[in-house]
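The following blocks contain the structures, represented as structure tokens.
Each of the two complexes below includes chain A, the first together with chain B, the second together with chain C.
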Partner chain A sequence: MTTPASDERHERHETRLGRRGFLAGTAATAAALAADMTGLNVLKEQALAAELKRQEKRVILFWLAGGASQFETFDPKPGRPTGGPFRAIPTAVPGIHISELMPKMAQRIGHTAIVRSLNTRIADHGGGAELMQLGRRDEPSIRFPDLGAVVARELGRIDSEVPDYVSFYSSTEGRGSATRQAGFLGSRYAPMFLTAGTSPEYLQPLKTMSAVDHRERADLQAALGRQFARGRELPAVSSHSQAYARVRGLMASERLFDIEQESQAMRDRYGPTLFGQQTLTARRLIDAGVPFVKVGRAWWDSHGENFETHLELVSELDHVMSTLIDDLKSRGLLEQTLIVTLSEFGRTPQINQSLGRDHFASAWSATLTGCGVQGGSVYGKTDENGQTVVDGQIGAAPLFATIYQALGIDYEKEYQVGARPIPLTDPGTEPIDTILA
Partner chain B sequence: MASFEPSQFKLTKQVNRPEILLGLVLAPESGRVFCVGSDGQVTSFNLAAEKPEPTILATHESYATGVAWTGEFVVSGGYDRKLIWTRLADGKQVRSFEAHQRWIRQVVASPDRKTIASVGDDMVCRLWNAGDGKLLRELRGHEPVTPHHFPSMLYACCFSSDGKLLATADRVGCVMVWEVASGKRLKTLDASGLYTWDPNQRRHSIGGVRSVAFTPDGSRLLAGGSGKIGNIDHLDAPARIEIFDWQQGERTHEIAADAKFKGLVEKIVFSPRDGWFVAAGGGNGGFFLFGDAASGKLLYQDAAPTHVHAAAISASGDEIFAAGHNRVAVWRLGSKAAPAAPKTA
Partner chain C sequence: MTTHSSLMCLTALCCLWPVAHARADQRPAASIGEIARVVDEQLDRALAKEGVQPAPPADEANLLRRLSLDLIGRIPTTPELQSWLAERSPEKRAQWIDRLTASPEFLAHQVNELDALLMYGTKGSLQEYLTVALREGRHWDRIFTDLMLAREDGSGLKGADQFLKVRIKDTDRLTNDVSMLFFGVNISCTQCHDHPLVDEWKQDHFYGLKSFFVRSFDNGGFLAEREYGVVSYKTPKGEDRAATLMFVSGTKPREPAAAEPSNDEKKAEMARFKEWAKQKVAPPAPKFSRRALLAELALRPGENRFFARSIVNRLWYRLMGYGLVMPLDQLRSENTASHPELLDWLSRDLIANGYDLTRTIRGLVLSKAYARSSQWTNGERPKAELFAVAQVRPLSPLQLAASLHVATTDPEFLATTEDPAEASRRVTSIVNQSRSLAPLFDMPQGDFQVGTTEPLLFSNGERIASELLSAGSGRLVGRLKQLSSSSEQLDTAYAAVLSRRPETSESELLAKYLDQRRPRPVEGLQQVVWALLSSAEFRFNY
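Coming up: the complex of A and B.
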């Protein structure tokens, strides 16, 4: 029988093995460089980028699909006609109160910055989801990369065999709005998109083929590929070789998606829900070097019975998010991992006849926790009924600039796409300095 | 003695309110109702008056959700977890204390007005001495967590007309019948048809048993809520009532409202003299369903001008009082038409 302490030592040993295994350089580096659709930019900024990548910063995005209520989470208005029935509770940071549905997060708010002043104007699911996952809307002539693709591009190691961007979205509702586009960065940075459980389907090698056979086939393919590529420095050839290398890496990373590798005690800490299990998987992935993991938790669209719905979903969020914070902290990973909570919009101050709240994009909240963030801070303010922003109003772009800045990514950088320079955020956008460490 | 016909009813008075009214109890023979709501207040209205004015009796620190009348006191409960006893003679709050560890969902008085029952999301039903507020008994057995690992909720309770039985009902459709004198659980019933868990599209739940009522003879138990909901973003299924022969543990009838009457059955009350019941509730609008428990048939269905959260029927059976989203109102029932006299030449 193992004790919790020995379990933890065992897990750390496993983790180190995992990192060594998956972050080892591969011969595919040159192929990856050639396959990058913004390759000229990569070469120009290689030194800076290498330093950024060495810092191994990571992101876990909790995508609260359908629109979580700011009133029942991070901007409560107790006692107001719009406030609903939940109380506000004090947190570990004097002066900051959040919903009573989040008692565990209240104790950990010292790691979290709350943004209470989003006015993003778009209150339909599709448009809101696009805006809040890209930081802006697509243009007719250009598709922008989503946050995960940008982070994969900027923080992923070009020679890594683990995926750069993994996205969980298990519910069927809203899956079509769960933007997952690499845009002009190219499909190299598109996510591994998982719609069921915690593990990718079809990742296991064929049962009819032994591990030796599999390795020998891969070696033969690599040898033939090298021979063919000699004297043929074409992007298509490089990309082909890289694809094989990444498939082999992904197949080898099967173990990362297997939470059975964790102790029962650790699995119990995250809880039995799929959201908890996927978040534990997300921690395993970022621990092994995956720079961006999105855990989509749907569906928060509480037009009816808003309070019962949030009693369920916020209780779950509070438990899972606080467990993740503790787990990352104990592993020394919280300072290099940014946890973001984000939806496509918030919910109305008005409570409808079904005791629901409807879509509302005029005054709502998001949070940033961990890496690069001034914990225990609040930016922006809404009025006493939560109907308008009265201080610090921002849209999506400044929030994204803040996320990039927290990760050390230059939010003003430009990608050269064909003849057109594309800035990472629109010119003039400024991050929220007061919530950055 | 006159009989009253469900189809012959009409709205006779309504008072618009800024708050959402969630509970109502009628002081018999007086026309006075006591309401509780989203402003936390316990408010009295004399609906017999030409222009009913509200009188505030007490205030909870969050939504007030349940209210009972004992003659001497009004006892109210709310999401602040507290029960408050307000003496009607002088309007004084004689006691207020935290009665549950989580939200209080409903408060009812026994028919003899000597016992108060309260249910809350700590999943306990507590019985209190209506006079001195002392705890008499705790009834435990409802699971605190749903099968899908979310907090459960204990929504509803009711006494039988002789006061010997009590029923409690929760989020996942578990209904329990208790013997009041001993606290013994007599039967557990499955009304899970009133609970919707969505395992694929949205991964959370909606519904639950929101109302229970014994038939006047105590042989049957009615449980109200909503049928299975496809899109749980909304209360988007017809209202539903399940009728049990509770001693046999058998569901004898399932009643679904017409498709246009969607939402939750929030309250079921029996006519004191005509045998039919009225089930009131709503979703994005409100409804009244009149039915016969013996046959399991709906007699009449009609829309209400608002989502009705609570209702009562007068002792004479000729008026229905209801409270809901932003209003409290009265409906008068018409008498059954007398048989037509034979025509004479």
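Coming up: the complex of A and C.
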């Protein structure tokens, strides 16, 4: 299965995880190309893709669903009327303070860039989730791919039979807006979406069926399907055969989701929570070559009892994120893995009568850690009460351009969708250079 | 009807229906055949202009499958297929359309489709209400009115309050849902500013429409409405404004003046609402209801074109796979329909018919355009808006679940009764049993594509194997294993699952497959049936 993409580092991973076992050859290449609805220049794209793949970049996105408070995480305002009861603590980097709820991240902030100046305007869950997962809003006539689908498309192996976009979201609250889309890239890049536990459903064959029968039955279905597809060369119809063509590869990736393969000590490090175990699974997945894993953690929507909610959720995030950073670092993977924390919006400076904070999109924070990022840096500034951005105000687009840049993806590239060229980010968008390595 | 007089009769709205219809009925209703004729005339004219020769008609078996899925929400049974193929009458299609639309399965499928349209993505359901409403013959205008009035005091049909109830806590979303679902206009972006692309949609539209709902609220699980209250909002320049009632057309209806009550009055009112909540009773409707005004206004001659065009466009989309206006929620003047005269004609016809959706559905499925083949082999496929070739449409979760269960029932069981009522009862019971399978499938939205979950479910799901591939009696595989020749087996399986005869090449391939598994014939048959059930051909209405 050697392809130009397998350099030494790649080989090392393969040996450790036995990746050869589940990556078949290039048989799926034709199908994968046909799956692409964007009509790209295949040769040029392959050359570019090969180059990107040599870099083996990956993303783990912590999706803090419901809207995490910037005050109780990365932009504390201690002693101010809006600051709440928690203190700010110094970090390993002089001058940077974060909430006392994140003591472990404070020690590791040297790997992280904090963006404190998001003004994204949209403060309803559906609209905010759409904006912060797509980097823009859908237009009436076009559905955009979300961050995971773009990364899967740009960094995934075109012949990959492992999933290239896995998304965990176990809570029922907010699940509707957590499910995003592959948009014009097509379902080939839609996530494998897990709503429970750490392992997807239906990956194991039924005990009553032999592997040979399973395969021959699928081949039979594929052969019969070719007749029907003739004269019906439509994206919906071809997505059917392409999705079935991936079944065997996906089944072979089953053990990637099996955290029993990890030592008890390793599982203990990530902690007993579902979020911790899913993050450990995410690390297994990216280690095996899955380019994008989203771990959703809900429900941060603390209209009441903001401080109790954040005491629990931020403490967990602090522990899990720190463990992940340490783990990736010790595996030599941190330089090629970008960890992102993102929500649909932040929370209000005002503390309401129920000791809650409401939706707030005018001045809030996100973080980038690892791959391609200038660690220990802060971009942008809010006023002393966190009401407005006073320096470096940005919307979603520059943040997304920064993420693409950190991953080596050309944020100005264009996709041809029908007759219309669609740029990856809106023209004129610039990444935040100062937090890029 | 003047604004003033219409206000007077709002409370008696329900009794006025027949009268209202008679007044709106400016034009005699077209016959079903005339609807089909106008559709074809208009589409043919555009095709001729573009110089496109449309696809030939779909073959007979294909057409019955399409009609059955669209009208009764499932594939035809083998006996239905056989009797369709045996009939030679030139009026066959019209007769079958009459028969199918008269069946209880048609009503059930309409309920499913309307429920999915109005409630998908919410936690509520309108199944209970719609089932009774459609059985009673309530038309689309009446259904809309029922949903807007949402009577809970026993005077309305049970469950009609669901539409508002699940949305009432988020008035912004409620406003946009009503606008999109009933009027075909998505005004969500005018919430924060005038629409950046559409001149005719201003912030006033959003807050004007929202004003119809702003007095409504949830009172201990019951819908309540006050007689006062206005929406105030901020313009992008930071100005504070109080919204005026405004319909999507821009019309600002008059309403009785409503002074803000004194604080004492408000306190007394609050106590009354609290008491009703405590006693778990529906608060009485207000003397003047803004929601009732909306229900009446949207149906007024001159204003009703949004309401009529929106549902016509949605029905067209449902049956033809592509709207006359796309996207479905962008019915505005700059976004012209592919066939503007046709959309107008169908909308006027719907109004003239008192919003009887069934008539429009019957007219559309009788057209030549509906019955074209979905296969296009002469080079590049023509643009969808020409309707030169049939679209390939994904089945809804309920259509798919019902079809899977109908397909895998022993065809003999469905054929052993001559009594149509008994046959219908048998099928209905199969369809009802299939419902629990439906949540496993994705609801098609926009540009549907098959993701990875469904193939994994079909390949490895326990329920697929046990419910659909069982070799027990009464099941398809159970019947197949009793047949002696592979050609008999394949003919039976194809009729049951794909509603057609196998091609020679298919028979040869499958006979060979079965032959290789002769020592374990049941497994061979199960695998063949699986390959048919999981095929793209089965997955789509083509």
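In the analysis below, the second predicted complex is superposed on the first by the 371 of 437 C-alpha atoms of A that agree within 3 Å, B and C clash if a C-alpha of one lies under 4 Å from a C-alpha of the other, contacts with A are read in each partner's own complex, and residues count from 1 in each chain.
Here is the rule we go by: a contact is a pair of C-beta atoms (placed from the backbone, for glycine too) under 8 Å apart; a residue touches a chain by one contact, two chains touch by 3 or more.
Treat the numbers as computed from the prediction; the structure is a model and nothing was measured.
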{"item": "Chain B versus chain C as contact partner of A:Leu274, first or second or both or neither", "value": "first"}
{"item": "Partner chain(s) touched by A:Ser302 [first = chain B, second = chain C, both, neither]", "value": "first"}
{"item": "Partner chain in contact with A:Leu220 - chain B first, chain C second, else both or neither", "value": "second"}
{"item": "First, second, both or neither for A:Val417, with chain B first and chain C second", "value": "neither"}
{"item": "Which partner, chain B or chain C, touches more chain A residues", "value": "C"}
{"item": "First, second, both or neither for A:Leu436, with chain B first and chain C second", "value": "neither"}
{"item": "Chain B versus chain C as contact partner of A:Val93, first or second or both or neither", "value": "neither"}
{"item": "First (chain B), second (chain C), both or neither touched by A:Gln353", "value": "first"}
{"item": "Chain A - residues contacting chain B, complex", "value": "66, 78, 81, 85-87, 170-173, 271-275, 297-299, 301-305, 308-309, 311-313, 315-316, 351-356"}
{"item": "Of chain C, residues touching chain A in the complex", "value": "121, 172-173, 186, 188, 192, 326-327, 329-330, 374-377, 381, 392, 394, 446-457, 459-462, 465, 503, 505-506, 509-510, 513, 523, 527-528, 530-532, 534-537, 539-540, 542"}
{"item": "Residues of chain B defined as touching chain A within the complex", "value": "18-20, 38-39, 61-63, 79-80, 103, 148-151, 153, 200-206, 232-236, 263, 282-286, 306-307, 325"}
{"item": "Contacting residues of chain A [partner chain C, same complex]", "value": "121, 124, 126-127, 140-141, 143, 163, 176, 182, 186-187, 190, 192-193, 200-206, 208, 213-214, 216-218, 220-221, 223-225, 227-237, 239-244, 246-247, 250-251"}
